[in-house]
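Residue numbering begins at 1 within each chain, and the chains themselves are lettered A, B, C, D and E in the order written.
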Amino acid sequence: MNANDTLIPYIGVVTDIREDTPDVKTFRVNAIAPDGTVGGKVFEHMPGQCAMLSVPGVGEGMFSITSSPTNKEFMEFSIKKCGCLTTWLHAMEVGQQITLRGPYGNHFPVETDLKGKDLLFIAGGIGLAPLRSVINYVRDNRANYGDVQIIYGSRSKDDLVDYQEIINEWCNDDGITVNLTIDREQEGWDGHVGFVPNYVKELNPSLSKTVLICGPPIMIKFTLAGLKELGFTETQVYTTMELRMKCAVGKCGRCNIGDKYVCKDGPVFRFDQLDELPDEY
Amino acid sequence: MQEAIISRAKQLLADGTVNRVIGWKRGEFAYDITPAIFESPEEIDADFVYDDFTSANVSKYLVKESRKEGKILAFLKTCDTYSLNQLTKEHRVDRDNIYVVGIPSDGKLDVEKIKAKGITGITGVERNGDILTVKTIYGDETMSVADAMSNKCLSCKSKKHVTYDELIGEDGEVTDTNRFDMVEKLENMTSQERYDFWRNELSKCIRCNACRNVCPACTCENCVFNNPDSGVENKAAADSFEENMFHIIRAFHVAGRCTDCGECSRVCPQNIPLHLLNRKFIKDINSLYGEYQAGADTTSKAPLNNYTFDDCEASIVHERGVE
Amino acid sequence: MQKIGVFVCHCGTNIAATVDVKAVAEALSHESGVVISQDYQYMCSEAGQNLIKDAIRENGLTGVVVCSCSPRMHENTFRKAAAAAGLNPYLVEIANIREQCSWIHKDIATATEKAIILGRAAIAKVQLNTPLTAGESPVAKRALVIGGGIAGIQTALDIAEAGFEVDIVEKEATIGGKMAQIDKTFPTLDCAACILTPKMVEASQNEKITIHSYSEVSAVKGFIGNFTATIKKKRRFVDETKCTGCGACTEVCPMQKVPNAFNLGLNNRGAVYIPFAQAVPKVATIDPNYCLKLRKGDVNEKVCGKCAEACTAGAINYHQQDEYIEQKYGAIVVATGYNPIKLDKFDEFAYNQCADVVTSLELERLMNAAGPNGGTLLRPSDKTHPHKIVFVQCVGSRCDDSKGKPYCSKICCMYTAKHAMLIREKYPDTEVYVFYIDVRTPGKNFDEFYRRAVEQYNVHYIKGMVGKVTPKSDGKIDVQASDLLSNEQLHIDADMVVLATAIEPDKTARPLATMLTTQMDTNDFFTEAHAKLRPVESATAGIFLSGACQGPKDIPETVAQASAAASKAIGLLVKDSITCNPCVAHSNELMCNGCSACEKVCPYGAITYQDKEFRTPYRTTVMRRVASVNPAVCQGCGACTVACPSGAMDLNGFSNSQIMAEVDAICK
Amino acid sequence: MLKISIEKLNGLFKAVAEKQTLYIPADRADGASEYKKYEDGMTLSKNLNTLRSAKDFFFPQTENLADFKVEGKKIEVIDIREEAEDFVVFGVRACDARSFTILDKVFLSEPVDSYYKNRREHGTIVTMACAKPAETCFCGTFGIDPTEPEGDVSCWSDGDSIFFRPNNEKGQKFVDSVSELLEDGDTAKLDETKAQTKEIMAKLPLANLSTEAFGGDTLMEHFKSEKWAELSESCLGCGTCTFVCPTCQCYDIKDFNTGHGIKRFRCWDSCMYSDFTKMAHGNIRNSQLERFRQRFMHKLVYFPSNNNGEFGCVGCGRCLSKCPISMNIVKVMKALEVK
Amino acid sequence: MQVNDNKEFQPLIVAFCCNWCSYAGADLSGTNRLNYPTNVKIIRVPCSCRVNPIFILRAFQRGADGVILCGCHPGDCHYTSGNYFTRRRMTLLFSMLDFLGIERDRTRVEWVSAAEGAKFAATMNEFTEAVKKLGPNRRLEDLRCRKQ
């Protein structure tokens, strides 16, 4: 029985914890060698793929890998506190070991369909987490892609995940436009105020762009409708549905939408693919 | 009987007393009958059935149904009326939104018992007095009705409807039964024998939860076995302890509330005599705290929510005969 | 991440001699969540407490475990210390390694091992502790006293004396209760009216006291400090504010054949009446069952109306209606008193057949100067002087069958001695026999009193049972009895028989208990919160017990208890608000089935139900009946948590998960 | 064909059980049969099928996946997997035999489930042809011939003898291991038995049940069907159908803290359970209708869609006889196929 | 289960004690230096009626060999009626455990007042001995929790 089984996890160690928003923390995870040295990644992945994190005795949970594959030093996970496991994760300290398995699922077609395209990222709240991996991948392979526009919105300024990176890095990159918005007026915010779907319509992005979208279901629904109004077709828009994943190996029987298993056939879907599936999402 | 029930159902639908009917729907074979809700006389004519195999207790469905718009007509057998009463007592049903027609039952058959005789390929069943003729693709077989009678009916505790808005047929009386015989037999075994008996039975459990989900007393919004915070949540027994625990807690939670309708044992796919656990509690309650029949009324305090100053001590368990 | 501090106390050598405290501190330092683990000579000392406080501040502790003496000893000390350092006091747990470890074990190795396990259990528990805040609830500065007998009067006077408003609700037309009917009191033989009526007057004149006579409590809602009672003032057809109590109406009333309830029906009164001369309030009342005008049904018909004509104050009002008063109270005192039992089941005593067989209370009236015979003891049947009187004790008391009461009515022995003595004093020619089972005289000067009856007044005390009382055609009464000492059968030709009738709580007590969610025993006496330590409180917070409603009592005991209940009520009323115990039950409404099991086992009536709207996953709503716990009333016993099948009920401070964590840690 | 006379069958069992664990269907006191580890004196049940299917041997109801030791912030993963011991499951019916084709497609597809694979590799399935199908049988609907069961070794009984035919290497190994007990036999009577069985098959009440209306391309049509509401209305949401089903394989993974370590185990789960899809962010199938639909859509539509038209049901009929309220795949198929 | 040097079986006893009577009684036996075995580990609960049958089963699952529940004497409950409910619940639970063939001497309810330190110690001594005689709990244990 030497064969590895994906159900047997690796061990990683949390080497940095960043408090992004009141309920989102970003955890940096490094591999740990048999001799105890900490460093490097537990495994490689592609943008949009997920990993199963677990604290034995607490539970397992699927999270998208927030860091870009181009980051060779560590992996990052931006995690919102919402259940038993995430509460536990939020309470942990640097040096805590966790178990990981993965990578799971498909990924955004960064090396195929997206290559050479102008890209429009639309994210809401914690929905930035999976897109951040793609954004940084694109930034690190800048030559392979056209214009990049990022529209990101959150409830408030404090709820913008990775605000420092957005302001200090993304905004300073050539060829990247960042449009931030928050739901309601707030002191100390002189940027745009309003919901993401409306902002997208206001900004009226060029129809040449390929769209990657992630956020709360209701945001996705209205943004998609808005994009269609603007003239975008469903074949231009990608999203990810990793929230539904459970076992990650296409066997436990939960995540399917119709005959498609989110954990194997997804989590990244193009909207025209979703259109062929029953309205179960 | 079926004709009377069907015609009454259609009347009550027609005169607007109710807007739907809960009863039983015929299946593929003679015996595979499904509880169903009928909304029109056409549906009733097509599928409504009341025969030897309509043993399912439909009272539990009323938890959900009685909260819906409009009154529902429920045909309840005697044992089912006890369940409904208990649900009424615990405010789980809106009794005012249910029109209960009490219907008699002279005992339901259990196809499992027929099959246990080695009879297979069943295409039909005919009851002639005490003789049952089972038609099969391999030819007719006969057996006594008593041998095919469902266990719960063999020890029927009451032919009396304890709640109804009207009755079809005559009402009967509460009957003396032999229902505690098996409990007594087990009580008279040694502790080791009892342990072996139950280990053999409970190790069959596949934790399908059919016993819980069919039980008219188990109507919790969130069962402890589904609640990760309860400390007993589990989906399958990973150890014999968990088999024991599930059944102890299940029985304990319905102790004093279980009307002894026998559904748990009827539906158990592994034929575990689960009702014996419930009956053990009932027997204990009767002998220690005075005769009590859950569901007989809608006001009495359940024995576990009640006490007297001179109740026996728990040590009474230790003082009993054989160890 | 939890940051737990563990503090192991040596307690001098009390712990350290048998438990290796250093080893305990070391072992516990490895437990998950523990960031600091120290030992110290005396944790409860100021220095020890400072150690804890400093650790809380410096390490930002989220929980504290003190391994020390019993929590019954110093839990509060350490909670206060934690609070002083800014940690919620309920995040402190105690591992009892003294009383339950070092003091009972001798072997250091095993005792240390056990101390570590107890420490682990406390750590496991504290990980799940949640900060608790004691809630506050305001106190209405007014008391309600239900019952206007001597108990109620005394309680009301004491509370009013302390400066609080008090309402007395009395169902009869006057306050005074049973004591007002009594002739003399034992063992001093002073006149009951002489000591009671001044108190009644005092009550009526006290500005803080409002007397609602001829009234009943019809509903009580709320909880300690915050009750709302509805008082039904029954219509008496007389305007209380106008009536002067002159009695003119009672004289003109043509309907004079109403059995006089105050005299227990031994004589008659008018349909409009003042119960007795010193009644408070001294206001007339019309009995509508007898009043010729009111009995007609239509008061506008020209019938009788003599009383209205006679009333110069214009107080008679045939149109009066019941009045309902709603009032807020901080405390409620129950003083509903007692009544002699009905003797319908005791045919052997011929009470219903023979007018000369009377109860002791009737005898009180017969002998009272204000009674039907003006104080001369005459047989009710023929108004002749009785020469031979037989007293029968324990009629209906100490009964082991369902006819009577299982308990001792307590006062009968003494009042019978009193009656016997009074009769022998006043009518030396009258022979008095007392049949008794035992004579019970525990009380100051009681036994002396009884002996005086036997020795000085030659009352014939016979230990024995009266088997049958038979009225004879010659007007005498044959009393057949057995003398248990001589083992002889006796027949006494008596002129009168007096039955020491058992007493029972007033019939209004049980519905009242339901309203108040207080507990009663099987005899309908109110149950005190603790038989020894809280004898005047009911288990329901804010409801106090005064007098015989709690159990048979004589007057001095009643008054003592009345004052005690008053002081308890005052203790509550002086507070502006009460701090609630935060370790109370709470219901998870999402899981609650509304089945009422918790309500049925709650001894405090702390659980109520309401229909609440819940959202379904389909954006629709459903109404569900759910339980909610009033934290001001809940005392935190946890009975509901086990009665609840779904586990919706849990208890702060002793939650299911906390107790299970302790179990796990101990069994690890 | 190689055979053994029925009287000598117990000798064969004994010989097999000496070398490896042998499971055979045995009768229980209540008249039902279940797989039991063979011990001397046990006899083969005459029942058509066991209460629980043979899936249990390869995908047990609970199994330990891994252990963990947690100390402070450190975690140690303990791989508790061991090479399984060889075992034989005897008397598997044709329907159950087919279930392994289905389970293999789930567990042996990437990423391969090593726990299942391990047992699959070490388990020999000896099947037994049916002679007396029950009214609940409808394996024929799914193209299964009960007289030609699959498996590593196929067996037939003609009433006097049991015939053996190895179907693969593993089967051959099994037959070889008992070859001295077997003898060559004439199959004339057996052929007659098979023919009789086939006749009966044609007369079964469910013989005409067809899968024609189902399969991957019927997804939207059936998903949107209005009949689900009525079909699911009396479903109790118990797991009986899924747990007696030889092809149901949904599972859950949970951790159990023993007090001295964490055991991660896998257990069967049921898509019929209300909390099956309940996750931290909510439940994706909130109503029994959705859950009920999922189960049958999976068997009749989703599975064939992903597996070249192979259906996720083998027609063993267990759910027909075990559902507490007698709602089952046959009723669902009959309701849905009516346009 | 603890293992002593002399290898004698040492049962693990979990004692649930109500805060008002029995826990105080246990304290009193400490104050009076009345010995009882270290096998007994006490869990404090506000009232015996707080003890859910689940807790008792859980103790057995996790390795307890005996579980004893102590509360105020009937009639003396701090909360007036708690122990009456306890009495019924535990009678039925223990009866059920007995019915399932679990040794009845592994469970016990004892009323111990705050003044009965001696009774507490005696009860614990007696109960520990009784459980010791039964040997390790095998019928209601969870094998996964057994210490290696």
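Basically, a residue touches a chain if its C-beta (ideal position, glycine included) is under 8 Å from a C-beta of that chain, and two chains touch if they have at least 3 such contacts.
These figures come from a predicted structure and were not determined experimentally.
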item	value
Separation of subunit E from subunit A in steps, with touching chains one step apart	2
Pair sharing more residue contacts (C-beta pairs) when A-D is set against A-C	A-D
Furthest chain, CA centroid comparison against subunit E	A
Remotest chain, subunit B as reference, centres from CA atoms	A
CA centroid of subunit C to CA centroid of subunit D, Å	68
Subunit B and subunit D: spacing of chain centres that average the CA atoms, whole Å	30
Subunit B and subunit C: spacing of chain centres that average the CA atoms, whole Å	45
Whole-Å separation of chain centres (CA-atom averages), subunit A against subunit B	51
Per-residue multi-chain contacts in subunit C, two or more chains	601, 643, 656, 660, 664, 667-668
Subunit D residues counted as touching two or more neighbouring chains	70, 252, 256-257, 259-260, 269
Multi-chain contact residues (two or more partners), subunit A	84, 93
Pairs of chains, among all present, that meet the touch criterion	A-C, A-D, B-C, B-D, B-E, C-D, C-E, D-E
Subunit E to subunit D touching residues, read off their complex	62-63, 142, 144-145, 147-148
Subunit E residues within the subunit C interface of the complex	2, 12, 14, 19, 23-24, 26-31, 33-36, 38, 41-47, 49-55, 58-59, 62-64, 75-76, 78-82, 85, 89, 121, 145
Contacting residues of subunit C [partner subunit D, same complex]	30, 32, 616-618, 664, 667-668
Contacting residues of subunit B [partner subunit E, same complex]	183, 186-187, 191-199, 224, 230-232, 238-242, 244-245, 248-249, 251-252, 255, 277, 280-281, 284-285, 288-289, 303-309, 311-318, 320, 323
Footprint of subunit D on subunit A - complex, ascending	1, 3-11, 55-61, 82-86, 93, 95-99, 243-244, 246-247, 249-256, 258-259, 278, 280-281
